[in-house]
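Beneath this line is the structure, given in structure tokens, with notes to follow.
In this document, chain identifiers A, B, C, D and E correspond to the written order of the chains, with residue numbering beginning at 1 in each.
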Amino acid sequence: MDTTLALVLILAPLFGFLLNIFFGKQLGKTLSGAIGTFTVIVSFAVTLYFFLNITETNQAIQVKLFDWIAISDFKVDFGFLLDHLSLLWLMFVTGIGALIHLYSISYMHDDENMHKFFAYLNLFVFFMISLVIGSNLLIMFIGWEGVGLCSYLLIGFWYKNQDFNDAAKKAFIMNRIGDLGLLVGIFIVGFVFKTIDFAELKTIVLAGTMNNEMWITIAAIALFIGAAGKSAQIPLYTWLPDAMAGPTPVSALIHAATMVTAGIFMITRLYFLFDLAPLVQDAIAIIGAITSLVAATIALVQTDIKKVLAYSTVSQLGLMFLALGMGAYEIAVFHVITHAFFKACLFLGSGSVIHALHNEQDMRKMGGLRKAMPITFITMLLSSLAISGIFPLAGFWSKDEILMTAFHGNPVLWVIGSLASIFTAFYMFRLMFLTFFNDFRGTEEQKKHLHESPALITFPLIVLAILATVGGLISLPGNSWLNHYLAPFFPNKEHIAHALGQTEYILMAIATVGALVGIGVAYAKYMKQNQVPGADATFTGISKVLYNKYYVDEIYDAIFVKPINALSNFFRDFVEVGLSAFVFGFGKVANELSFQGKKLQTGSIGFYLFIFVIGFCAIISYLFIEL
Amino acid sequence: MDISLLLIILLVGAIATFLAGDKMASKVALFFGLVSLGCTLYLLSLFNAGQNLDLTMAWITKPVISFSLKADGLAFAMLLLNGILTPIIILSSFGNEVKNAKNFYALILFMSFAMAGTFLASDGLLYYIFWELALIPIYFIALIWGNGDAEERKKAVVKFFIYTLAGSLFMLTAFIYLYSKAGSFQLEALYNLDLSADEQLWIFLAFFFAYAVKIPLIPFHTWQANVYQKAPTVGTMLLSGIMLKMGLYSVIRWQLPIAPMAAKEYMNIFIGLGIAGVIYGSIVALRQRDIKKLLAYSSLAHVGLIAAGTYALNLDGFRGAVLQMMAHGFVVVGLFFAAEIIYRRLDTRIISEMGGIRTQAPAFASMFMILVFASISLPSTFNFIGEFTVLYALFQVDMWFAILGGLTIILGAYYMLKLYQHSMLGETNTKIFKDVTFSEGLVMVSIIGVIMFFGFYPKPLTDLITPSLETILLQINR
Amino acid sequence: MTTLIAITGLGVLCLIFEIFNLRKGIIPVTIIGLLATLGLTMSEYGTEASYYNNMIVVNNFSVTFSSLFIILTTFIVAMSHNFYSNHPTKISDFIAIKIFILAGAIAMVSFGNLAMYFLGLEILSIGLYVLAASERLSLRSNEAGMKYFLMGAFASGIVLFGICLVYGAMGSFDVAEIASLSRSAELPAWFFIGVVMIVIGMLFKVAAVPFHFWAPDVYEGSPALTTATMSTLVKVVAMATLFKLLVVLNAEMTYAFQMVIVVLSIASMTVGNIMALRQNNVKRMLAFSGVSHAGFMLMTLLSLSTAAGTLLYYTAAYSLAGIAAFAVILYVCRHNENEDIVNFHGLGKTNPVLAAVLTGALLSMGGIPIFSGFFAKLFLFSNTIESGYLFLVIIAVINSIISIGYYFKLILAMYGKEPNEERTATPVLYYAVAVIAILLNIAIGFFPSLIMDLM
Amino acid sequence: MDNVLNHIGIENYIFLSVILFCIGVFGVLYRRNAIIVFMSIEIMLNAVNLLFVAFSTYHQDANGQVFVFFSMAVAAAEVAVGLAILVAVFRNIGSIDVANLKNLKG
Amino acid sequence: MSTVLIIFYVLSAVTLSTAFMTIFSRNPIHSAIYLVICFFSIAGHYLLFNAQFLALVHIIVYSGAIMILLLFTLMLMNLNKEDEVHKPRLTRLGAVFSVLATCGILLSIFLRSKPIMGDYDTTGEDYQSIKVLGKVLLDQDNGFMIPFEFVSVLLLVAMIGAVLLSKKENSAK
């Protein structure tokens, strides 16, 4: 019974994908959209069933289909593991996925290969599910690279435009660099523990019999590189902002809610390994903090609405990694959930704005949309408040928990985190004021068509906004349902409930004040003085550096891409030519010798007889003259 | 009932196609290709049922040379590759009209016969004869039906022939030396012949030179790009799909068991060479203008990794190498066929002149995309299984080998996606590009089918090859 | 003994036919006669006998080689019908000379007495001087004849001197007596010098390196059929005789002598192959290829006791391939004067069968499998390695790689280039000889033990 | 009657015939006139015949001398054929100078 | 110094000098005559060995047949002195040195291979008179009968060759 259900859970999106790819054209737009959404809803329903089941029985379900690859040291079989963590993750993946599918039915309505879009979205959901419920590291790796493939397809969905394709290629290659790290991690785990099945791995590591300090640290580093690649942390984050080239639902689903959280899922899944590598945990924390600060600073001056949200995602992910670094896995998961809600809502909101302004993404050409698009405005306002961490909303609870643990762990990181939160508040409300307040800066023709997006777009917005506000309740500092739910997943960790001591209140106060300051400054700058950032060229000094993203792309290009191309040219023109000339050389030498030899054959009989006699002398003297 | 039935079918097929005249030649060839595939499967079923299919027949008495064939798991895997690919390759050539087709198809079947013989032969000299025989047809195919200007092609083809032959002649000297020591060319006799360390080194190097040219490994690969570009697509498919595997198969079957001490002693050098090939091939493939040359260097990279796997001397290395050989065989044939389809319509092989094919031929573009992603070994494709196992084997030797070897998935992604983008995406090309015909589609779909099926369920293959690889491994560590 | 008489009788019969003006019947009768003699020789296989005061010794060695020579001569005689079609009156003289050359060859292979050896050698040489110069009006043939005569006479002088010294040391021409005395302690130094001189004379005949200079010019100059005779029949006869001499005279193979043979073999192989690379006259190319094959065959002298079978196989493979190649060359170059590669352009299209035969012959000479050339080289290399000369085999391997270079130049010309003039109908006899020769070659390739077990 | 060699000794004859042989070789290399070359070849053969007879008396049997007969026959045959070729060459080139038989080369 | 030795020295001196003069004389006719004298001196040597029959046959064959043939050809081509041109100096020097080298080597070998001194056995009865020669030459089972027959084949080939090379291409079919 469970196997069939699990199969339904994973195969529904795949079935949707196949249906749309092959018969998409005949089905027509709405029908293919409907099928796409329906399959995700089916998965959501099955997840719900399993979720309710597991809350009572507290019993993880392990399904084994067939054994897949034969390796001498460990057995790799094709199977699924539905435990607390994966079901929790599935809940918001399929949930938000369904909403976004619904949203994109109308958003992508005027695109001629809309059936392809839904096919790729379904494929993405299929791979995401396999990533989450894979019973061993390799099945997770299938999902891991599968989602990378789908993000490549979806970013480059409008394939006629070459720089979209470049962005897609860059995303895929950057992910692949991370995947190499993950692969090496899998090798180490398989080599040391002789198994890569999560359940067995957990028991072996917790038993602590086969632990080898050095190998675990290297495994942790490798796995973190994989996570950094997928969840866009410092070294490998430049692909996420470029990934905004794809349609907005893609950015919402993949680059906000689901795929980028895969890194955190993996680290949480293998928490027992990271606990044994304290050094690596500190490194994760530091990198997380720095990423969040850097991304926040860049987001301050961005003019493209989706770029701002992209950098905000990178910054929030930084915070989550800060929490993971501190060992507070439940808090990181809590922030993942809340972040999924309000970031998806923000992205969808920005999508509906862009849709209304006929694909205009530059905030400098927006403004005053408050009256024209009330629902979008309210939902985005709620989400912005949530992300800035204002009191009742979800963001406040999850972000403060992270800052609290940061404060207890390492105060410096707490300072960086708070600074990042203040900047978050500032740029979020900068975005709000620029798009929704003061007067409309777009063209007349756009002004005429300004209208609120249809119901299919606004409904998901409303649901997500509600979730963003209510989301915080699942893990209040006092009694956190989430920690309680996840307790069986962390058998060896005693369940720490945050005592609401005196310092906690002060920290909360500081965080709220910081957020209000950020909003105030934004209000003063963009609302009161009605400032609008100038054209690209007018940026000077620090803002120019920030606007150009610290020139990180150019640096990467100079360090990696240019040298490889130069090396390739060098190989192609010199080494290849040289090597083949060397090989041809033998032939030429023989030819040259032969050419000279022909001169020896003079044709005169005297010469031949002369050589005859010389040969005769040589042989006789060699044989008979003993000197 | 023994394994020589397959060889007979292929030989009779070659002769029949030759006599069938130009019109019917391609159909007769396809028929015999499929018959040989059927016969391989039938023999495989017999083999699995435990029947011994070996054949030993005395042939020459003075130096004792016997016509002996041995079919074990490893050989059957290769026969499967040969059996499946030959009809696919023949089917793929239906699109373009071939002048004096009867010779063309007869040579293809004859080459398939010779390669099957190489996989089966268990007598050193018989193996060497089949090894040389396989060289002659590809020489004529590339010479007579090749493209590009005649002078340039001639130079490339002759260089290829002499280069490969030079390598194999040194192998012949090694075989004769072994014969003078062991008294017979039989595989078993050569296996349990205990040679001194430096004798083994010399023999290892003699074999290595022959196989390094054939595989090809780094410094010996200069012939590959030119011949792949100049040869007709069918020739390139035969070369890259099956012929490279003769070299790799022989490393496992002949070179390592006969000279294990040398293999163990210089293992790091040879693995290093293989991995250098991977990185070198990928980087050169980056800036290639001609699609066939790009695919040639990409197969140089893949094959470098396989060779590194074989020289890792552990069960995973062997198993991964054999799986990767088969996977690479299918993928590379598919990719070259895609290049041929593009050539048939746009009449160009230069990547910059292509573009925007996806808008005009979505079906072809998606099939080509699946092949592109299979070649960079996306998980759940057949290549991933092979590559994962090979990289794990390299990891067991040394972590850094695995990491350097792993670079292939990054560099591979880089140039393959670059190829896909410049040829398929972007603005529509001026020339019309009508979508895939039935026969072309059949070929592509069958290749993709094989890749996907073995991607998800490689168990039958691994069970087929594991016992024979274990015996070879026992032989190596004796 | 009967074969020698039969062959001589056949020669005379040929002349008689001329007298009775029955020129049409000469070639068929000769071929039938030769085949009959072949049967006769084969019947003598296995018997060990010596006739007429040990003048003629019949053993396996002489019988097998004689039958090989008879086969080669039948091919050559068959080809001469078309070749001499434009001066019919002299047909009988040519055929007679060829038969007497065969007689000389058989004498050289089955001699029991040095007198018979020397006379056989002289008949062979004089017959060839005549054939080389047979085209009176062509300047090239005259020059070839003159060069061959002068060098040949000089070499015969040295051979005679050698025989004289051997006689001086031993007191008798009979080979059996010489063999028994040759290992006795107190034998004068002249014996070994005599043997060396005879060997040098034969090296000239085989065209080994220091003495090979005559070969390319004479091969190119003399008429194509004579070149065919020289490159196949005469080279094989000379090699067999050299082998037999060293075996029969039982001279003690000192280390220095083996070194000389090794050096000569390497030199011949290398010079032959290197020089052949840039030739564009096909006969000249085959001359140099002959020099390199002489180098290969010299390697058999290093293992005299075991290499008889290998030598027989190698000579059979090489000569049959040579006959097939020359049959095609005769057909392609029968009109035009020079035998440049240009004439072979596009032969693959105009006459695919002959092109295939020539390709087969060249592949066999190059040592590519399924053709007997490959097995010949294989047996040769295994013998040489057993006698401990591994580095010689490595050099031989490198040389066979170089040899592929020029064999494929011709194959490339046939298949790669466009034909420059259409071909008329091929004379049946060339066709038949070419196909039969290459089929024999492949047959030996498939069943090498047919030949190897004879010896 | 005693053996004449008792007085002269076989070595002297060997030296004589070797020197004569070398003069013949010298003639072949030195002169360009074909006739003179033929004559020097005759000298070489005669040198050998002389040695044959010397050895024949040395061994006191007739084999050597019989061989001389054969050698003479061979020399005669050679000269006949040689001159025939020479005449043919002379008719074509008009000279019997060995040096200008040079156009077969390379 | 027995008289025989003196005769030997005189004869060998004559032989060597005439041989040398044949090579060096300008006029081919002179060299032909020197050659004839050389042949006579060699016949003298045979007589010294008491091989009368051989000496006579030698004179008949060589001076009688071969020299006549050579002279005949000389006359046919009416060669005379002045068109005698010498090879370039370098090759002549080369020829001289190479021949001297060979001669030196051979002589030194023979010198060093100390021949068996001591007296030469004499068999008493004559072994080289015509009767004995005839028997040795033509005896079937212990003589040289087969080579004798074989020489006939040799001469036949020489005849056919000579005829073939000189017969004009007559048109008669």
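Here is the rule we use: a residue touches a chain if its C-beta (ideal position, glycine included) is under 8 Å from a C-beta of that chain, and two chains touch if they have at least 3 such contacts.
Just so we're clear, the structure is a prediction, and the values are computed from it rather than from any experiment.
Compared with chain A, the chain whose C-alpha mean position is the greatest distance off is E.
When chain pairs are compared by contacting C-beta pairs, D-E ranks highest. Ranked by how close its C-alpha mean sits to the mean of all protein C-alpha atoms, the top chain is B. Ranked by distance of CA centroids from chain B, the top chain is E. With each centre defined as the average position of its C-alpha atoms, the distance from chain A to chain C rounds to 79 Å. Centres computed as Cα averages put chain B at a distance of 72 Å from chain E.
Between the Cα centres of chain C and chain D there is a gap of 27 Å.
Inter-chain spacing, taken between the CA centroids of chain D and chain E, is 5 Å.
Under the contact definition stated at the top, the residues of chain C that touch 2 or more other chains are 115, 119, 122, 126, 129-130, 133, 136-137, 146-147, 150, 154, 189-190, 193, 217, 405. Across the assembly, chain B contributes residues 162 that each touch 2 or more other chains. Along chain E, residues 87, 95, 98-99, 102, 106, 109-110, 115, 143-144, 147, 151, 154, 157-158, 161, 165-166 each make contact with two or more other chains.
In this structure, the chains touch in the following pairs: A-B, A-C, A-D, A-E, B-C, C-D, C-E, D-E. Every residue of chain D that touches chain A in the complex is listed here, in rising order: 25, 28-29, 32, 98-99, 101-106.
Only residues 309, 348, 363, 368-370, 374-375, 378-379, 381-382, 385-386, 390, 393-394, 397-398, 400-401, 404-405, 408, 412, 415-417, 448-449, 452-453 of chain C touch chain B when the two sit together in their complex.
Taken in their complex, chain A has these residues touching chain C: 587, 590-591, 593-595, 597-598, 601, 603, 605, 607-609, 611-612, 614-616, 618-620, 622-624. Contacts from chain E toward chain A in the complex involve residues 87, 91, 94-95, 98-99, 101-102, 105-106, 108-109. Here chain E touches chain C in the complex through residues 109-110, 112-113, 115-116, 139-147, 150-151, 153-154, 156-158, 160-161, 163-167, 169-170, 172-173, going by the rule given at the top.
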